[in-house]
Amino acid sequence: MADFSVSLQVRDHECDMQGVVNHAVYLNYLEHARHEFLKTRGLDFAKLTAGGIIVVVARAEIDYRRSLRSGDHFRVTARPQRASAVRLVFEQEILLERGGDCMVTAKMTTTAVNERGRPYFPRELEALFLSASKS
Amino acid sequence: MADFSVSLQVRDHECDMQGVVNHAVYLNYLEHARHEFLKTRGLDFAKLTAGGIIVVVARAEIDYRRSLRSGDHFRVTARPQRASAVRLVFEQEILLERGGDCMVTAKMTTTAVNERGRPYFPRELEALFLSASKS
Amino acid sequence: MADFSVSLQVRDHECDMQGVVNHAVYLNYLEHARHEFLKTRGLDFAKLTAGGIIVVVARAEIDYRRSLRSGDHFRVTARPQRASAVRLVFEQEILLERGGDCMVTAKMTTTAVNERGRPYFPRELEALFLSASKS
Amino acid sequence: MADFSVSLQVRDHECDMQGVVNHAVYLNYLEHARHEFLKTRGLDFAKLTAGGIIVVVARAEIDYRRSLRSGDHFRVTARPQRASAVRLVFEQEILLERGGDCMVTAKMTTTAVNERGRPYFPRELEALFLSASKS
């Protein structure tokens, strides 16, 4: 099954003095793809947050292979995997639209935290975990 | 004639603790629309920069009318006007895609500067100025 | 009386492909100075927001005079003025630490909005307005 | 020997709709600490870049332990280690100023790339590598 993906384009302010997209900006791209993926499962990050469900990134592993440049069109994929009782891992890639070169691969580990910052399972995310384990 | 516009979507990281897009982020949106407009006139901001043509914002006037929120789809317009011998003003709007509500209006004054920071007319921009004055 | 100011340093990721601080980033600097100023009057932006007091920028006027570069140390001033029954204007400057060159001047108009987005006077800000009118 | 560190403060625009610093922003903090560290070895990132020495992040591993909030003062450390012939790894931490709680740990792998994107050893960085191996 093809992974979920969103299509984006580099904005010039995202490039730093090296003339390429700054390495921190890719985390913005990756987050946007994850949040758009959530919507396909009926989950909205803003509504979850407003409802007190705080989903956070617990660990990020990112390999930078090639740099995106001004004007580049690219796709960001998101494939969720249940990693543990409280952790959902997203395997993600950033691919150049033209040619499909892989620019970045990432493994983003997310969890929900309660008011004291402890990981837990919000019932609201069960649908996601179930769906994710089937995909 | 319909204004040039680009269609974008809010990314959640662009929202601040108030849950709406931070006021500084709109300048990123506005810049992206201007740079995409330049491309329609055969001008590429990154190539201009690499070629030593430094186009900068000299003055920004921005009226914030309504706030964009998570997930909002919107359009950013850009209509250039020759303001003086060395200044090109972009009248811009940010409009909610659904319903067309005007969220932001902006008047962005741009100019090119030479190596000592003085405004001047790069020959490369003449095509833009000519086209702009006709539109 | 000397204006309130905060001292900051350019971070390299704030520079764009022109090798200077991107014009949108100055709004981040200006906001930080305003919020630090609020603290000197006993007001905390995050606590106001958490308490339902939504203070927003209604209009920004920014003149870009010189560009900040990698490593530059600079000060951001904030001088509030009561502009109307519902509007507080901050006159602000960004000054190079060494030499004091003025890089940016800004006039930032702020207001509080209620749940329907209408400007109003939160009682919590009265102390600020009173103080501001005296300064 | 105490690690090199820089002291910073959260700016409110760096907080997202959860009211805490967005996870991508920590990479900006970490980068700033690395670039300030370079200066202690006589190396300036902007000058390196202008001179054609392109130092990039090849891999990032970041563990998010606690979230920084509005107003927090914190320190960012940077301890370099020679990881291979072409790779320099920075072990970094973000520590709350008050109390010293560890908020983030990171292992940032950097390298220099030539015009075709291949890792290599710029002579200009030798001093850094030598110094780093001694520390």
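As written, the chain order gives the labels A, B, C and D, with residue 1 at the start of each chain.
Assume a contact is a pair of C-beta atoms (placed from the backbone, for glycine too) under 8 Å apart; a residue touches a chain by one contact, two chains touch by 3 or more.
Bear in mind the structure is a predicted one, so any value in this text is a computation, not a measurement.
Between the chain pairs A-D and B-D, more C-beta pairs are in contact across A-D.
Distance from subunit D peaks, on a Cα-centroid basis, for B.
Centre-to-centre separation of subunit B and subunit D, using mean CA positions: 32 Å.
The distance from the centre of subunit C to the centre of subunit D, each centre being the mean of the chain's C-alpha atoms, comes to 28 Å. Remark: subunit A and subunit D have CA centroids separated by 22 Å (rounded to whole angstrom).
The set of subunit D residues that touch two or more partner chains comprises 12-13, 15, 17-19, 24, 28, 31, 46, 49, 70.
Taken in their complex, subunit D has these residues touching subunit A: 17-18, 23-25, 27-28, 31, 46, 49, 54, 56-64, 66-67, 117. The residues of subunit D lying in touch with subunit C in their complex are 11-13, 15, 19, 28, 31-32, 35, 39, 44-46, 49-50, 69-71.
Taken together, the subunit B residues at the contact with subunit D in this complex read 12-13, 15-19, 22, 24, 70.
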